[in-house]
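Both complexes below contain subunit A, partnered by subunit B and then by subunit C.
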Partner chain A sequence: MNFLAATIESLGAKVTGWFAVGYAMFAFLARATLLLLDRTTWNRATLDVVVKQVYFTSVQILHVFLGYALVISWLIITIILSTARDFGLTEFASEMTIRVLVLELLPFLTALFIALRSGSAINTEIALMQVNNELDALAHCKVPPMQFEFLPRLLGGVISVVTLAGLAGLLALLTGYLAIYGMNTAGVEPYTQTIAKIFDFQIVAGLIAKCALFGLAVTLIPVTAGLETPKKLFMVPVSVLRGMMRVFFAIVAIEVVSLALKYI
Partner chain B sequence: MAAVAALPDDVARVALELPLRANLSALDNIALIPLYQRHFNAAESARQAQLLLEQLGHPDIARLRDPDMTPAQRFVAKLARALILKRPRLVIDRPGAMLYDVPYPAFIRQLASQATMTGTWEIFDFSWNQSLYQA
Partner chain C sequence: MNTLHFKVGLFTAVSLLLAGVFLAYLLHARGFFEGTFNLQLAASSADGVAPGVPVVFSGIEIGNVTTLGLNEEGGIIIHAKLLERNAKWLRENSTFTLDKPIVGGAKIRVNSPDLNAPPLPDNAIMLMLTSDISKEIPGLVERVKAILDNIEHLTRKDGEINTTLANVQTVTGRMAGEYGMLEGMLGSQEKARAVTESLDKTRDLIDKLDSMAAKTDQWLYAQDGTAQQVRLMLNDVQASLQKADALMANAVAISANVKAGTQDIAALRAEIDDAVLKASAMINAINRKWPFARDLEEVKLP
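Coming up: the complex of A and B.
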């Protein structure tokens, strides 16, 4: 009986904890959105920090990221093309390449890339700021942490994932063309027709929304996980671990929902 | 010490538990205040911060980040940040906890004696350190 009570109690505590985390995240997002709509937020200082964040999150890693996107795209395109040839489905190869790479795989990998590189750094930094009282010091100086620290990170994440996924998509389209048609212009018309057929308004809007949600997930979750950290230094790794697990589940959930909406 | 933490909003505090932003230089930590509170541009905010450091006799710490500063340099950066807040009162909370590398009553006295430093600085310290201030 005691075991049953303890199990129910532990389960209840876990469910309550999940709801508390979810509520804190959405409350934070609501505050950030309200601040985003406030004209006074958009001063030179905040814009400068947003630009810096975009630089650190995407521009600084652009060459590495594009190299990685090129290798992945080339491999996947080669696999799709050889499989399509084996089954006599060559005419579908370009459409399949675009759907698999540009719409699904590259945005997902971009989100993972940014999560591992910037999300973990954001989580650690905010957790350390929380533990070291730096946020209290900013509050004492009446420098709003939301405007100075958090909002630029959220915006930087969203802008970075959308633009990097877009660039990787363009690179994949170009690689796909070269792999299918080679170095000549004979395939431009059928290829652009395939692109136009796939990228209708709904698909493009869905792709941008998905990338924006990925960008939000890889920054919002680490920020809130960092803010939850108790003021004990040894809790920082635990905070990062929890934050990154949540980011992973959120990215997978966004991808699954997006696939379900598109294909089911 | 709870009394110090509960001081009203119009008091600028220099305290161990109000650290500098670790990934910003001393200059950027100070320049944040005019940048966010008075909406000066970045260049003007940095100029004001640099001027304050020069007045305190430590212009050389401008580019240093928190971990690269000595306790005394860190104290000067925190003091400059508190001064640029331009609040009517300035409270230095337990200076001994921050200034363990210099004879601190003399060091604070020297900083306070800078010609352009105005207003009242209050020091909250343990009673057993009283004799240090009488020397």
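Coming up: the complex of A and C.
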């Protein structure tokens, strides 16, 4: 009896914990959004931090990222093309390539890339600041951390994921054209036709929204995970671990929901 | 100069530029900057057609179906939309066929045999034909079934094919015997033997004929042979006839004063008689010596 009660209690504690985490996250997002709407937020200092965030999140890794996107795109396009040729379905190859790469795979990989590189860094940084009472100190010095630490990171994340996924997508479109039609302009018309068929307004809006949500997930979740770290140094790795797990689940959930909305 | 700001600025500018170019390209591709061309297709059935079904010309999609519905007479009217730049592929003699392949989605195939024909006006109504492979399958299956039934009937136990095969086996069995193919064709060893014996006899006969022909040849054409003699006699006859001719001429000349020369006529008569006798004798000789004039013993083949 005792055992059953203990199990139910632990389950309740877990569910309460999830709710608390979820609530904290969305409350934080609401505060950030409200702050974004405030005119006083838009000053030179905040903008400077946003620029720095964009630099560290995307410009610094641009060449590595584009190289990686190129290799992945080239491989996947070649695989799809040869498979389509084997089964005599070449006319569907270009559409398949664009749908798989530009709409699904590249945004997903971009989000993972940014999450692993910047998300983990943000989580660690905030957790350390929290443990070392730096956030309180900043607030005490009239430097609200929300405006100068958190909001710029969220903005930087969203801008970075949207831009990087867009650039990788354009690169994949170009690679796809070269792989299918080679170095000539003969295929421009059918390729344009295929692109026009795929990218209607809903798809483009959905793609941008998905990338923005990815960007938000890879920054918002690490920030809130860092903020809920107990003030003990050994809790920092635990905080990063939890934060990254949540980021991973959030990215997968966004991808699954977007696929479901698009194809079901 | 702040390199960090410069890099971020460059990144933003290039990204925005690319985004803008792609947006413009996309709008162009989707026909935002040009008008649309409307096409109406009349069909007997809308089976398999739905909004979004592509209109295909030479394998390239040039437009798609927007709506479809019934008209007042209960016929189907399919509305399709094309970009204006693709309208040039539609001519007044174009044909529109609904293709429903077994694998892949339905599509409306446009065939324009003559691209110099007058272009199709906007909102034109054309007839759409249907080529549905899946509809033909039941008929095909029925026919295949009938064929299979026939084959089954032919190959049943003690059916025609089996009997034929048994016969073939008998024939080939005979062929393997002493007289081979002959025995196979004639049915028994005795008949085959008769044929071979007849053939042997024929061969003997031919040998005999051969020797006879050789003898005849010698008899006819050798030195002092019949042919030679005939030629000599003919020469003789010719000479006699020339003489007779001359004599006849004389006779005509003489006949004016026949009275004077009646004694000559007796001599003339004697000479003509002689010539005629010679000719007669020659003809008799020829008749006698000519090998093919008399009856030969006929060669009878068995």
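Assume the second predicted complex is superposed on the first by the 264 of 264 C-alpha atoms of A that agree within 3 Å, B and C clash if a C-alpha of one lies under 4 Å from a C-alpha of the other, contacts with A are read in each partner's own complex, and residues count from 1 in each chain.
We take it that a residue touches a chain if its C-beta (ideal position, glycine included) is under 8 Å from a C-beta of that chain, and two chains touch if they have at least 3 such contacts.
Here the structure is a predicted model, which is why all the values come from computation and not from measurement.
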Request  = After aligning the two structures on subunit A, examine subunit B and subunit C and state clash or fit.
outcome  = fit
Request  = Once the structures are superposed on A, label A:Asn132 by its partner contacts, choosing first (subunit B), second (subunit C), both or neither.
outcome  = first
Key: Touching partner for A:Gly166 - first (subunit B), second (subunit C), both, neither   = second
Inquiry  = Touch test for A:Ala45: subunit B only (first), subunit C only (second), both, or neither?
reply    = first
Task = Have a look at where A:Val204 lands relative to subunit B and subunit C in the superposition and call it first, second, both or neither.
result = second
Task = Using the touch definition from the top, say if A:Gln147 reaches subunit B (first), subunit C (second), both or neither.
result = first
Query = What is the C-alpha-centre angle with subunit A at the apex and subunit B, subunit C at the ends, nearest 10 degrees?
reply = 160
Query = Between subunit B (first) and subunit C (second), which, if any, makes contact with A:Gln193: first, second, both or neither?
reply = second
Inquiry  = Just to be sure I read the superposition right, which of the two partners does A:Glu91 touch: subunit B = first, subunit C = second, or both, or neither?
reply    = second
Task = Considering only touches as defined above, state whether A:Thr16 meets subunit B (first), subunit C (second), both or neither.
result = neither
Task = Check the residue A:Ser82 against both partner chains and state whether it touches subunit B (first), subunit C (second), both, or neither.
result = neither
Message = On the combined arrangement from the superposition, state the nearest Cα-Cα distance between subunit B and subunit C in Å.
response = 12
Message = Identify the residues of subunit A that lie in both the subunit B contact region and the subunit C contact region.
response = none
Request  = Would you pull the subunit B residues touching subunit A in the complex into a rising list?
outcome  = 13, 17-23, 32-33, 35-37, 39, 41-42, 81, 85
Ask   = Which positions of subunit C touch subunit A when the two form their complex?
value = 4-5, 7-8, 11-12, 15, 18-19, 22, 25-26, 28-31, 59-62
Ask   = Okay, in this complex, where on subunit A does subunit C touch?
value = 51-52, 54-55, 58-59, 62, 91, 163, 166-167, 170, 189-190, 192-193, 195-197, 199-200, 204
Ask   = Which of the residues in subunit A come into contact with subunit B in the complex?
value = 43-45, 48, 125, 128-129, 132-134, 136-138, 140-144, 147-148
